[in-house]
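Naming follows writing order (A, B, C and D), and every chain is counted from residue 1.
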Amino acid sequence: MRQDPLIPMLAVVTDIRQDTPDVKTFRVVGLDGKKPLIHIPGQCAMLSIPGVGEALFSITSSPTNEEYLEFSIKKCGCVTDWLHAMEPGQQVTLRGPYGNGFPVDTDFAGKDLVFVAGGIGLAPLRSVINYVRHFRDRYGSVDIVYGSRSKADLVDYQEILDEWCKEDGISVHLTIDNPQPDWDGHVGFVPNYVKELGFDTGKTVIMCGPPIMIKFTLAGLMEQGFPRDNIYTTLELRMKCALGRCGRCNIGDKFVCKDGPVFRLDQLDQLPDEY
Amino acid sequence: MQVNQEFKPTIVAFCCNWCSYAGADLSGTNRLQYPANVKIIRIPCSCRLNPMFILRAFQRGADGVILCGCHPGDCHYTTGNYYARRRMTLLFSMLDFLGIERERTRVEWVSAAEGAKFAATMNEFVETVTKLGENKRLEDLRCKS
Amino acid sequence: MQELIKAKAVELLENGVCDRVLGWKAGEFFYDVTPAVFRSREEIEKDFVFGPFCGANMSKYLIAESRKEGKIAAFLKPCDTYSFQQLQKEHRIRRENVYAVGVQCEGMCDIDAMKAAGIKGILGADGDGGTLTVHTLYGDKSVERKTVLAERCKCCKSKKLLGCDEIIGGQGEELESNRFAQVEKLEAMTPDERFAFWRGELSRCIRCNACRNVCPACSCEKCVFDNPASGVENKAAANSFEENLFHVIRAFHVAGRCTDCGECSRVCPQHIPLHLLNRKFIKDINELYGDYQAGADMDTRPPLVNFQTDDPEPSVVHERGSEQ
Amino acid sequence: MKKCPVSQLDALFASVAARQKLYIPAGEAKTAAFQPWQEGMKLTDALNTVRSAKDLFFPQVENLVNFKVTGKQIEIIENRDPSEPFVVFGVRACDCRSFDILDKVFLCDPVDTYYKTRRENGVIMTLACTEPEETCFCTAFGIDPTDPAGDVSCWMDGENLYLRANTEKGETLLSELPMLSDGDAPAADKTVFDRLPLKNLPLDKFGGEHMMELFKYEKWAGLAESCLGCGACTFVCPTCQCYDIREFNTGDEIKRFRCWDSCMYSDFTLMSAGQPRPTQLERFRQRFMHKLVYYPSTHDGEFGCVGCGRCLQKCPISMNIVKVAKTLGEETT
């Protein structure tokens, strides 16, 4: 059998956790029970259910987790509907990892990091955050700003409370869009909250979330004087091959699947705004 | 085309809920024999039969497709079968035009009371299609392996 | 003719009758004209053309154009006007946003017919009347105009201009045509021969969807063949079945609405005679349910949303065949 | 260089076909295609086939892999279409160049083994052009149509077919053909190529360095306005390589296959989250930017077009890369 990058391997979903009403986190291991692939934070993998479809998801677990991969997936289409309906023990196919990932060991090293996430946008960042926590001494201060529509929509809320919030040197800033009775934290949209928090402009910003959040957060950061070459974000477009060949995920001459999904803002400035 | 003695055609019968589906039921309760290789698909009215359904039945391995509906004038929805009649006439003519055996498709009007007619129609249709042999001209090879 | 049309286009724009004009734009050669919207006298004077290669049916563009703000003037050939009326009948065109100018047509030429006649490297052509002088990379050649007419124009059904606000070049009338001749020829073949014929033709299909996208009758917002939920969505014919399915169903979906404008065959990069499928439906409709010409009027019920209690039974297809 | 009398062409084809499958451009001029050679088959009169030679290496549909799903279990069954050695004769210089372009896409890491296997199995015999069409503009991309590349280059005049092996594969093929004798082709007459109307296509305004400027150019709207959004140009193009991966459920198993796709289609980039190229303008622009800007930007300035002229002949509304290049080229100066 000659392997081709388009032929996937088999994997099995061992555990499914309901994070929010429309987000579930899937734990995936190879058929041998081990972690099926090695990745860098921010990279993605193609998951598929034969007969339903194939789609690209970012890997939410940290590379430092040596037992399994995790994917946090929001229910929003054909493949994700099916994933949400399935039970543990289900086999899926997997190929990857794809993309460039975050420069965790190069550009980020020694820097003060600010993570800004909205909704399911936490998924790709969770991998980086846990990586950074694991190698805590390699990085400066860590701030995490995370917002969602409501308390119930905060992905990984338990992990955030139990682990991130309790760790020294990590400040977690949670916010929800509208006030609700059992919430005593911050209320308001992420862009405004980031502005209020007034981070030092020397910090490296890593952002992921809905386009509208990115747009306004960016405007705020620009106002405060953050340099564009110190802001990172991750993009998503429709993909079929994830190898830079099927031709649909390019933005200008860059392919999101191969040259991305992580882009620095000054890199995006060089590209047409077709995303 | 070689006629295989052992060949048992797959027949898909689209039956209107209000008449021929009941007719099929009646032929069953009356212990009338018709071949087991007739697969009945119930539709709300003969007019519901999208031409695509017929083609896709052939794709998925049918050797003959028959539509059974209420007699003209007796449609539960007054006029549905009149429209179906025109559509099927044109579709069958087109299939014939493409060189696909015209005997593989048929329309028959069967009322809820005509259990005997249903069984007789099916027997006769199965016989016709058996003579024609396997559907080769509208097959999808991917479904045959 | 071209000068008349250009002058009319400028006049309509400058009198404020419309704010843009749908016409044909000159290309690199004399034959590769592109449908285009003109917005100024300068644009019209520079690029507007009307000639023997303006075959594109303009009515399809009016679906989108008539929904835009303002009024558009469109120059429509006789067959375009049939589609124009049919689309109005289906409420696809906002008539009030269109100023329709009918232009008479002498039949459009087909560059591929010239090439098929062995003329290579065509740079230009001139001459009026019956003979064209074709300038090529390899010297001048002369060719009879009627031999290089588009297939559909060789058996033109009508030169009548319908439902226009204004007419250039005469109202025109319906013609006696033998457009069903080839359908009849196929009908006279045995099923095996017909099957072989259509396999030979349809197996060339590359599923580029040009026939569908150009067809004025294919005006669905979302085609069933593009709908992932339909179960028949496909990008390429992976099997001969899918070739048949696509073309039969497409022809069926436009049956009773197809005006026989012949655009499907004109645009087919593989020269599949797709119009024969549509003509077969038209011929059957005429024979079984009485003569009907889609787009010819604004009020008769299309044959597939109509019926007579004494319509022939579908078995007519079987019986008719056995007589042969 | 070898030669073979034209009268012996059939014997030559028969000899090649006796060893492996042979494809030649055949059929009526309007519908010419590369077809498996059979006794009595003649070369087409057409300069070029409707579909390019890329089909033989990157077919419109090909099986990738099958799956069998039982309960929660999935079984992966390799079912790639077998590939056997073959020879394709009569590839023009333009189509031959398209393989350089496709190779850079499919053979870079990670290698596409489906394409690679066919490339390894295929021997390309090119045929020099003597009578170009008015739509030809390969010379604008530095291609010499009278001296095509490929494993074996061929020239044909009224009397003889001349053959020159350029690669080891080509040498092997020629060494197996008994009817060849030594002989040199007469010098090609290139004058007709100087008369080609599109030979001076302005291309110096394109390439990666002008990306943003060209992307924002407002003339795109006018160019794209009558585009029908069909895929004719992409499917006849020798260098278009976008594909889709789809599945077909036979009821018994699931066949995952790859098929050509077109950036001109409205659902090409459609996602549940939205559509980055919402109108035909963006899709149209993507296609031509890819050929003239994005591809050169990532491949040392080489354009993603070979000037075969197919899109000029096949576009239903006669909008094509030449018109785009001329419109954009003249205005950005």
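The working rule: contacts are C-beta pairs under 8 Å (C-beta built on N, C-alpha and C of every residue); 3 or more make two chains touch, one makes a residue touch a chain.
Since the model is a prediction, treat every value here as computed from it, not as a measurement.
Counting C-beta pairs in contact, the pair that comes out ahead of the other among B-C and B-D is B-C. Chain centres defined as mean CA positions place D nearest to the mean of all protein CA atoms. Centre to centre, using the average C-alpha position, subunit B and subunit C are separated by 36 Å.
The distance from the centre of subunit B to the centre of subunit D, each centre being the mean of the chain's C-alpha atoms, comes to 46 Å.
Annotation: 53 Å between the Cα-based centres of subunit A and subunit B.
Subunit C and subunit D have CA centres that are 30 Å apart.
Residue positions of subunit A touching 2 or more other chains: 78. Annotation for subunit C: residues 228, 238 touch two or more other chains. Multi-chain contact residues, meaning those touching two or more other chains, occur in subunit B at positions 142.
Taken together, the subunit D residues at the contact with subunit C in this complex read 28-31, 33, 45-47, 50-51, 60-61, 131-134, 192, 195-198, 222, 225-226, 228-232, 234-236, 244, 246, 248, 257, 259-262, 265-267, 312-314, 316-320, 322-323, 326.
Touching subunit D in their complex are the following residues of subunit C: 27-29, 31-37, 56, 61, 112, 115-116, 118, 120-123, 136-138, 204, 206-210, 212-214, 226, 228, 234-238, 263, 266-267, 269-271.
Across the interface of their complex, subunit D is touched by residues 1-10, 50-51, 53-54, 76-78, 80, 87, 89-93, 236-238, 240-241, 243-253, 270-272, 274-275 of subunit A.
For subunit B in complex with subunit D, the residues that touch the partner chain are 60, 142-143, 145.
Residue ranges of subunit D in contact with subunit A, taken from their complex: 64-65, 67, 69, 72-74, 76, 78, 80, 105-106, 110-114, 208, 211-212, 215-216, 241-245, 247, 249, 254, 256, 258, 261, 263, 268-273, 276-277, 282, 286, 289-290, 293-295, 297-298.
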